[in-house]
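Okay, got some structures for you below.
Each of the next two complexes has subunit A plus one other chain: subunit B in the first, subunit C in the second.
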Partner chain A sequence: MRRVPRWLKAILVLAGLSAGTWLVTVVPQIAFVEDSFEVEGAVGETVDVEYAEVTVTGVRLAEALYATSGAVAGGVFVVVDAEWHARDGHLAIGGAELVDAQDRSHQATSRGGCPIGAGADPAFPMRVTYCFDVSQDLLDDGLVLRLGRGGDGEEGSYQRRDAVAVVDLGPLGEAPVEGTAEKPMTIRLPGPADPAATQEGTA
Partner chain B sequence: MTTVIRTARRGWWRRNVVWLLVLPLVVALAAAAWSFRFVNIYRHSMGPVERVDDAGPGEVAHFAEDYFDALGLDDPALANTWVHREVDVRVLGVEPVEQVRPAPTADVTAIPQGAAAWRVDLELAAEPGTDLLGCDVILVTPDGTRYGDDGAFGSDPLGHDTPCLPADDYESVAPEAGTWKVSTVVLTREGETVETIWFTFGGGRYVTLAAPAA
Partner chain C sequence: MKHARNAAPGIIGVAQNVFASLGPTGKAIAAGVVLVVGASPFGAWNAVADDAIPLTAGQVVEAGPYEVAVEKVVAARTLGDVTALDEKNKLLIVVVEVKNVSDTPGIPATLGDVVPAPAGAGIVDVDGRPVPDDVPPGERPTPRIFNIDDSASIDVINPDLSYRLALVWDRTGAGDPAEADVRLAGLTWIEEGFSGLMSQYWLATDEVTHSGSFAVEPPKEPGA
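Entry: the complex of A and B
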């Protein structure tokens, strides 16, 4: 059998590399395969995210709050009350973030003892309050809330390829600021949505 | 000189026959190596995945597993070793109850609206000293929903985090008697029926026990 010359082998290798480079350049990269499955809803509306039903029951503003300790906002606290009802089994519900009009993500804060996650049960709805410390300037342009199961990984890394509830909170610039440094807003710790089922009211 | 010419004439497949035979073995070893964390850590972190026994109504299910004791809290000599654990479980009864007796640390102090409570009576047997920390009793309804499955991140809403321990036992190991009975309460949605009871230690392995006939 006739041997293939070395120069021809080199050309074949280079041609293969060139073809590979051309493929990954010309063929569009499918970035969206990592995106979450977004289910949109509104405040007061129950959103079905396959693994749970989630409802944002209220949105409030505070300059200062108190859950297990006192905290004064660097900007303003956006306080979101939500209810989670797991579907097939217990869930960790730590994936909460606000997205501003410039598409920047703001993670929930644990300042003042605000919960950044909890567990949701399939037997009954759980009430969770998330706190976000954001600049006052962002309120007028509107904020969007994203809630998903799992942790609060950077840029929603734990929510990729999973369903996420997306709730438009709208412009909040005109909303009253309830909690002040003199009278901080009280944040309830996570518990059953049914108030009769717990003695844990305010911390 | 003759030998050199013969070697040059051998085909590529014949010259590399040994490596071609070794290649599948190497690939298998490589796959075993990279799948170790998936099989032993990640897969088991997703909840119960490996059923080790299945018992009918009133029958005994035999739970057996090896777990890694990282701290050796019950026996310092077992720290950083693999420990074998065997527990026999039998369901004595599953009955609805109207009231719950939560632990002092519980999130739930009464049955929430829309929920129902079930008392699960179990008989267990294990070698005295067997570590029972982290045991879990899960009620499964016909639609596959798992109630009482605390998962890797949570705790029981009624504070019954180790429901297989005798009520008066302050250690997390099997009592000297070797056989004991416990009662625990699990919450489900209202209107559900319990089909199966799962018993697990959260490490991925579990046994299933059919609920007694109503």
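Entry: the complex of A and C
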């Protein structure tokens, strides 16, 4: 039997490795293992995401806003008020994004001092306002809000295999623009949803 | 009598043994493979850059996720509350119109990769040392970036959005440049990083694609 030259064996090994690499790229990967567990809700409705209850209490539009400094929108600010009530322990709640009708993600901004994250505890519900600067052209086709614990990594990377509240904000094209350059919308910093539930300390 | 070596030959020893065992054809192929693999990290497969395309004011250039148009270049001592890190230095400001034409949110910091510090304008680094004009794009100082509409910094540029931004560098306080060479460099999309730890991001190619000489507007404030 004729012996196979070693250089041919080496080429066969390399060809095998290349074929394996090619297969990994063309065969569909099991994407769902990274998907979030979506819990759908609506504005004004409390969504149970296991680790917390979250409620979107309001959606407003602004051309300009002010929390700790002024900010003017490149498009229009979609301002989302939410309340978080953590269930078991302290939560970092920074996973906020808007998804447009073309399934594109839009990140919350910290401009003007808007919070892009906050903490929530079981002791009392926490109020957090998120600000998104998006193109006005997207409002008519509707936007969907995704809220989860963790950060705001690329494509919801912090929310993989974790529960996420998905709230359809619907078309916003007809909504009034409240904050203007002359009278910016005031954005409240995160705090207890019901200030009366907490007691101010005395010196 | 030969004694077996106790120590493992190591990967280099194994490679030497394998190479020695190959015939002339195998050695030639192995040498070729080593050359190809060895040259890859040094850009062996990069396209050879043509001369940079002339850049003029208002010309829209697509770079990575952005469409960028350079509006003007301005010399100033201050920009609102913004001053040079060293008070004896001044500012060079490149005003750009930027639009995110991609499907993902953009990080303004990548604009620093797209618009490297201009040449011929006395740019200094954070330590106040002059930056020679031949320093490549990836090693030039990064700008501070401000949204002109609200004079504040900007953290994200969502899809379809446009901003008029000021890209600010420190420059030497000795005199004001008449012209500055503004260059644009490319970005390339990385779907999955080599190590697998990072994915889906724009990586600076540090390759100048456009270049143009812009008249520098002199400072308006007295004594600047």
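Operating definition for what follows: the second predicted complex is superposed on the first by the 168 of 203 C-alpha atoms of A that agree within 3 Å, B and C clash if a C-alpha of one lies under 4 Å from a C-alpha of the other, contacts with A are read in each partner's own complex, and residues count from 1 in each chain.
The definition used in the following text is that a contact is a pair of C-beta atoms (placed from the backbone, for glycine too) under 8 Å apart; a residue touches a chain by one contact, two chains touch by 3 or more.
Because the structure is predicted, anything quoted here is derived from the model rather than measured.
Of the two partners subunit B and subunit C, more subunit A residues are in touch with C.
After overlaying the two complexes on the shared chain, residue contacts for A:Gly74 are found with subunit C alone; subunit B is out of touch.
Once chain A of one complex is fitted onto chain A of the other, the partner contacts of A:Leu138 are limited to subunit C, with no touch recorded for subunit B. Of the two partner chains placed by superposition, only subunit B is touched by A:Ala123; subunit C is not.
Shared-chain residue A:Ala193: touches subunit B; no touch with subunit C.
In the superposition on chain A, A:Leu23 makes contact with neither subunit B nor subunit C. In the superposition on chain A, contact of A:His106 is made with subunit C only, not with subunit B. In the superposition on chain A, no contact is made by A:Val4 with either subunit B or subunit C. No residue of subunit A contacts both subunit B in one complex and subunit C in the other. Of all residues in subunit A, those touching subunit C in their complex are 5-7, 10-11, 14, 64, 69-72, 74-75, 100, 102, 104-112, 116, 132-135, 137-138, 154-155. The touching residues of subunit C, counted against subunit A in their complex, run 21-23, 25-26, 29-30, 33, 103-105, 147, 149-150, 152-163, 199-201.
On the subunit A side of its complex with subunit B, the touching residues are 1, 87-92, 94, 117, 119, 121-125, 190-194, 196-200.
Residues 11, 47, 107-116, 144-147, 149-155, 157, 187-189 of subunit B are the ones touching subunit A in the complex.
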